[in-house]
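Okay, got some structures for you below.
Next come two complexes, and both contain subunit A; in the first it sits with subunit B, in the second with subunit C.
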Partner chain A sequence: MTAYLLRRLGQTVVTLFVMSLLVFIGLYMIGNPVDVLISSSATPQERQAVIAAMGLDQPLWFQYWTFLSHALTGDLGKSFVYNQPALRLILSRMPATLELAFSALVLALVFGIPLGLLAGLKPKALVSRVIMVSSILGFSLPTFWIGLMMIMLFSVKLGWLPASGRGDTVNVLGVPISILTLDGLRHIALPALNLALFKISLVIRLTRAGVIECMQMEYVRFARAKGVSEARIVTVHVLKNTLIPLITVIGLEFGSVIAFAVVTETIFAWPGMGKLIIDAISVLDRPVILAYLLMTVVLFTLINLVVDIFYSVADPRVRLGEAAE
Partner chain B sequence: MSATTETPHADAALIDAALIDPNVGEEMPPEPTRPVILFLQRLLADRIGLVGVLLVGVLVLAAVFAPLLGWQNPYDLSQLDFLDGRLPPGSHSSTGMTFLLGSDDQGRDLFSAILFGLRTSLLVGVVSAVIALVIGAAAGLVSAYAGGRIDTLIMRIVDIQLSFPAILIALILLAILGQGVDKIILALVVTQWAYYARTIRASALVERRRAYVDAARCLALPPRKIVFSHILPNCLPPLIVVVTMRIAYAISLEATLSFLGIGLPVTQPSLGLLIANGFKYLMSGDYWISLFPGLALLLLIVGINLIGDTLRDLLNPRMHR
Partner chain C sequence: MTPAANAEKMLVVSGLETRFNTSRGPVAAVRDVNIEVGRGEIVGLVGESGSGKSVTGLSLMGLIDAPGEITGGRILLNGEDLRSVGGKRLRQLRGDRIAMIFQDPMMTLNPVLRIDTQMIEAIRAHDRKISREAARQRCRDALGLVGIPSPDERLLAYPHEFSGGMRQRVAIAIAMLNNPDIIIADEPTTALDVTIQAQILAEMQKLCRQRGTALIWVTHDLTVVAGLADRVYVMYAGSVVEQGPVDALLDRPIHPYTDGLIRSIPSHNEPGRPLHQIPGMTPALDRMPQGCRFHPRCARRTEGCLSEIPLMDFGGGRRARCIHPLVEG
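Then we have the complex of A and B:
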C-alpha cells in the first residue's frame, strides 16, 4: 500500500512538472500580456517598468526557474490582472465550483440509478426504450445550448428560477455555501441540472448494462431457486454488484464535471474557477492559467487516488498496485 | 463466433473462425454478399439506425449545397442590412426576402447562416476525427504488436492524457495556440487520438494471438504487412463505433469552445458561434437566434449517435440472438 501510494505520488510530481513546463513554454510563445494590460497611450518608459515589474524581461529558462522555485514554496505568482496571488485567487473560487460539481453528481445519481434500474430490469418494455432513446438525447445535447434553453424557459418565459449568480450563501467553516439557503438553492438549481444532464445519461446506461449483466449471473438464479423475493434480489444481489463499478466511474467523472463547469459557469455567471480561467485566457493572465492547470492536476490526482482506494475497499477482489502492471 | 464474418475484410476472420468452429463455412450462403453491403442493409433495416442515417444524410447534403439552398451568403457583409436585425421567424427583410427562421443582430438570415455553420461544424468534426484516427490507430497497432517498453511508453502517455477531460486539454491548447480552424482541429486531434489508440490496441492484442497471424508469420511476411493488412482490418468493427461517437463528440466540443469564444474566429461561420451570438439577446426574449442553430447542432449529433448506437449493437457478437 505504501509503495503504491509513493509511486502514485511520484507520477503526480512528474505530471505536474511536465505540464507546467509545456504550458509555460507554450504561454511564453504566444502574445505579450503587456499589450493587453497597458493602455496604448503609455510611454515606453512606463511600458519598460511594467515589463520589469512582472519579470518578463528575463530569459525564458530563468523565468521558469523563478516560477518553479516559488511554486515549491506554494507561491504560484501574482495575477497580472487582479494583482493578487494566483493560488489564493483559484482557492477562493474553488468552493463555488466544487459545490456546483458535487450537486450535479448527486442529481446524476438520484435520477440516473432508478431510471437505469428500470431500463435494465425490463429491457424490452416501452418505458425502457423511451429511457434509452432519451439517454442518447442526453448524450447528444450540447451542454451550453441546453443551458441557454433552460434560461430561456425557466428564467425568461416562466420566471421561476434566477439565471445568474450564487444567491445568498451561508459560511460553513469560513467557506460560503449556497445549497443551505433557499435563495442559494434556487440559484444552483439550473446550473446543477445543466451540468448533470450528460452524467444522468451516463449513469442510466451504466446502471442498465450492469443490471442486465448481473441478472444473468448464477447467484441471481440461485437466489431465485432459494425463493428469495424479487425485491431483495434486485436491491441486495443486483444493485450492490452494479453500484461498485458505477461509483468508480462516477468518481472518475467528477474531474470531468469540474472541467465542464467552465461552460456552465460561463452561462449562468456562477463565480467559480471555470469563469476565472476563461477570463484569464482572454487576457493572457499567465500566472492564473498556470495555477489553474496545476491545481486541476492535483485535484484530479487526488480524485483518482480516492476512487482507487474506495474501489479496493468496496470490492475485495481488487488488489491495488497490481492493476498498474 | 460467426459474427466476425461481417468484418470488411472477412477472409482472414473467416479462416480463423472456421479453425475454431467447423460449422462457420456451412452457415454462409453459397455466393456470400459483400460484407459491407450486408452490413449497410442491416443498419438500414434497424429503425433507429435508419432515422440516424436519414438525419445525418439530410444535414450533410444541406451543408454541401449550402450556397445553393441559402437565400444569401451570410458572411458577405454587402448582402446584410442592419435594419433587418433581430427580426422574428417569418418576417420579411427590406429587400422582400423571407427570414424563415428569423435574423440575427446583424440582419443575417439565420437559415442561411445555419447551413454555412453546418459546413464548418462537419468539416472540423470529420477532419479532426480522421487525423486522430490515423495517428491513434498507428500508435495503438505499434503498441500492441511491438509490446514491451514501446507498449508501456505509449500506453502511459495515453493513460495520463485520458485522465484529463478533453475539454480541459482543448482549453489549455487553445489558450496557447489562439483561434483558427487549423488550431481547433489540432486541439481536437490531440484530445482524441488517445481514445483510438486505446481501442485499437485492445482489439489488436486479441487479434495478434489468432491463428491467421501465426500463419502470416510462418510465411515470413514483414511485420508492417502483418500489422496493416492482416491485423488492422480485423480491428475495424469496434473502431468504427468509436469513430462515429467521437465525430459527434468533436462537433459538440468545437461548438462548445467556439461558444466560449476560444474556438473559431468570428469570421468563420460555426453553429457554436451563432448560438453564442444569440446569448446576448436571450434575456430580451429573442429566442430564435440561439434556438435554431442549436436545434441543427442537436439533430446532427443525435443522428450520428443513433448510427453509432446501432452500429455497436450490430457489431457486438454478444448482442446477436
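Then we have the complex of A and C:
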C-alpha cells in the first residue's frame, strides 16, 4: 500500500515537471504575451518596463528556473492580466467546474445505467433499439451545437431554464455550491445535461455490453438453477458484475469531463476554470495556463487514485496496485 | 421392473425434444429421449461430446435459453409436468426439488459475491421466512457435509479464494442445501484432476445414498459410471440408444455404439494393442442420417437400418434402438 502510494506520488511529480517544461517551451515559441497585453501606442520605454516587471527579459532557462524554485514553495506566479496569484485564480474557479463535472457524471449514471440495463436485458425490443439509436446521436452530435439548441429551446422559446451563470449559491466550508439551491439547480441543469450527453451514451453502451455478457455467464445459469428470482439475478448478480468495471471507466472519464467542460462553460457562461483558461490562452497568460494544467495533472492523479482504491475495494479479485495498470 | 417399482418413479421424461433455431433453420439437439429415475436412484447419462447430454439436463431444469426451445415431450417430477406448470412454479421447484451442478467450477460461482451470499440466496429463494442465523447454520452444515474445513470462515470468502475442487464442492453443497429429490450433475468432475475427481465422486455417491437423493450423473466416461450408477442411459446424436442396469449393459452391450464405447476404454484392451476406435464421426445436427443415426458408422447395418428404429425392450429393464442387436432379448 505504502509502496503503491509512493510510486504514484513519484509518477505525479515527474509528470508535473515534464508538463511545466513543455508548456514553458511551447508558450515561448507561440509568441510574446507582451505583444497581446500592451497596447500598440505604448512607448518603447513603457514596453521595456513591463517586460522587465514580468521577468520576460531573462533567458528562457532562467525564467524556468525562477518558476521552478518558486513553484516548490507553492507560488505559481502572478497572472499577467489580473495581477493576482495564478493558483488562487484557478482555485477560486475550480469549485464551479468540479460541481458541473460531478453533476454531469451523476446524470450520466442516473440515465445511462437504467437505459443500458433495459437495452441489455431486451436487446431485440423496440425500446432498446430506440435507446441505442439515440445513444449514437449522443456520440456523434457536437456538444456545442446541442448546447446551443438546448438554449434555443429551453431558455429562449420555452423560457423554462436560465442559460447562463451559476444562480444562487450556498457556501459549504467556504466553497460556493449551486446545486444546493433551487435557483442554482435551475442554472446548472442545462450545462450539466449538455456536458453529460456524451457520457450518457457511453454509460448506456458499456452497461448494455456488460449486461449482455453477464447474462450469458454460467453463474447466472447456476443462480437460476438455484431458483433465484430473475429480479435478484439482474440486480445482484448481473448489475454488480457490470457496475464494477463501469464505475471504474466512468471515474477515469471524470478527467475528460473536466476537459470537455471548457466548451460547455463557454456556451453557458458558466464561471469555471474552463472559461478562465480560454481567456488566458488567448492572451498567453502563462502563469494561469501553467497553474491550470498543473492543477489538472494533480486532479487526474487524485481521481485515478480514488478509482483504484474503489476498484480494489469493490472487486474482491483485485488488490491495490494491480488495478488498471 | 415391477409395477410397484414403477410407482416409485419420481422423474419420468418421455418423448423429450429440444430444438435450437440456428441460421440454417431449427435443428433438434435432443429427440425422443425417455428417462425414468426412481427415488434415490443413481443414473448415468453417457455419450460423446455433442450427443445432447447437457441439453437434456438443462431441458429437465427448464433452463434452455433462446435460441433453444423444448418442442415436445413431458417431464414429470413427482407427477407434476414441468413443461406446463408455468414459470413461477418452475422457479419454486428449481433448487428445491430438482437441482443441478455444472461442469466448470471456475464459472458457476459469481466472482464478486461472497460464498455466504450465494448460499443463503439459494435457501431464501424457497423459504422467505427463515432467519438469517438459521439459514447461515444450514450453509455451514452443508459445507461441512461436502468436506470443506472451517466452514464458518469459508462462508465469508470469495470464489477465487478456493481451488477448483473446493469450488465444485461448494456447488455441490449449494445443490444439496434444500435436500432436493434429484440432482443433475453435468460432468462436475471433468475439469478436475483425477484424484480429486475420484474423491468427489465417492463423496457424492455416499451423500446421495444417505439422504435418498436421486442423481443423474452426466459423463462421457463409461468407467466413471461403472462404479457409481445403478442404471445407465447411453446417448448418441441426441437420442438414447441403449439403457439398462449398469452391470448388464457393460458386460453384454446390446447396441453396436455401446459396444464401441466399451471397447475403446483403455483397460479393456490388452497392453500394447492399439486402442479400438469407432470409425467415422458424430453427425452434425443439421445433417442427421436417416433411420438409425448410427448407421454410417455401424459394421452391422443393413437396408432395414435406414428406416426409423424404435426403442425396443430386451427384458430385465434393458432397452435399445437396434434391429441387429449384439445380444438377443
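The working rule: the second predicted complex is superposed on the first by the 321 of 325 C-alpha atoms of A that agree within 3 Å, B and C clash if a C-alpha of one lies under 4 Å from a C-alpha of the other, contacts with A are read in each partner's own complex, and residues count from 1 in each chain.
To be clear about the criterion, a contact is a pair of C-beta atoms (placed from the backbone, for glycine too) under 8 Å apart; a residue touches a chain by one contact, two chains touch by 3 or more.
From a predicted model like this one, the values you see are computed outputs, not experimental measurements.
Superposition model on subunit A: subunit B and subunit C are shown accommodated side by side without a clash. Once the two complexes are overlaid on the shared chain, A:136 sits against subunit B while remaining clear of subunit C. Contact with neither subunit B nor subunit C is seen for A:160 once the two complexes are overlaid on the shared chain.
For subunit A, the partner that touches more of its residues is B, with subunit B and subunit C as the two candidates.
In the overlay built on the shared chain, the residue A:27 is in contact with subunit B alone; subunit C does not reach it.
When both complexes are overlaid on chain A, the residue A:277 reaches subunit B alone and has no touch with subunit C.
Judged by the touch definition given at the top, the superposed model places A:241 against subunit C, while subunit B stays out of reach. Once the two structures are overlaid on chain A, subunit A sits at the apex of an angle of 70° toward subunit B and subunit C, using CA centres and rounding to a multiple of 10. After overlaying the two complexes on the shared chain, residue contacts for A:266 are found with subunit B alone; subunit C is out of touch. Applying the stated contact rule after C-alpha superposition, one finds that A:221 touches subunit C and leaves subunit B untouched. Taking all C-alpha atoms of subunit B against all those of subunit C in the superposed arrangement, the shortest distance found is 7 Å.
If you check the complex, the residues on subunit A that touch subunit B are 15, 23, 26-27, 29-31, 133, 136-137, 139-145, 148-149, 151-152, 156, 163, 255-256, 259-260, 262-263, 266-267, 277-278, 281-282, 289, 293, 296-297, 300, 304. Note for the complex: subunit B touches subunit A at residues 48, 160, 163-165, 167-168, 171-172, 174-178, 248, 252, 255-256, 259-262, 272, 275, 278-279, 282-283, 285, 287, 290-291, 294, 297-298, 301-302, 305-306, 309.
Interface of subunit C with subunit A (complex): residues 61, 63, 91-96, 99-100, 102, 104, 107-114, 117-118, 121-122, 125-126, 158, 160, 171, 174.
Across the interface of their complex, subunit C is touched by residues 217-219, 221-229, 232, 236-237, 240-241, 244, 314-317 of subunit A.
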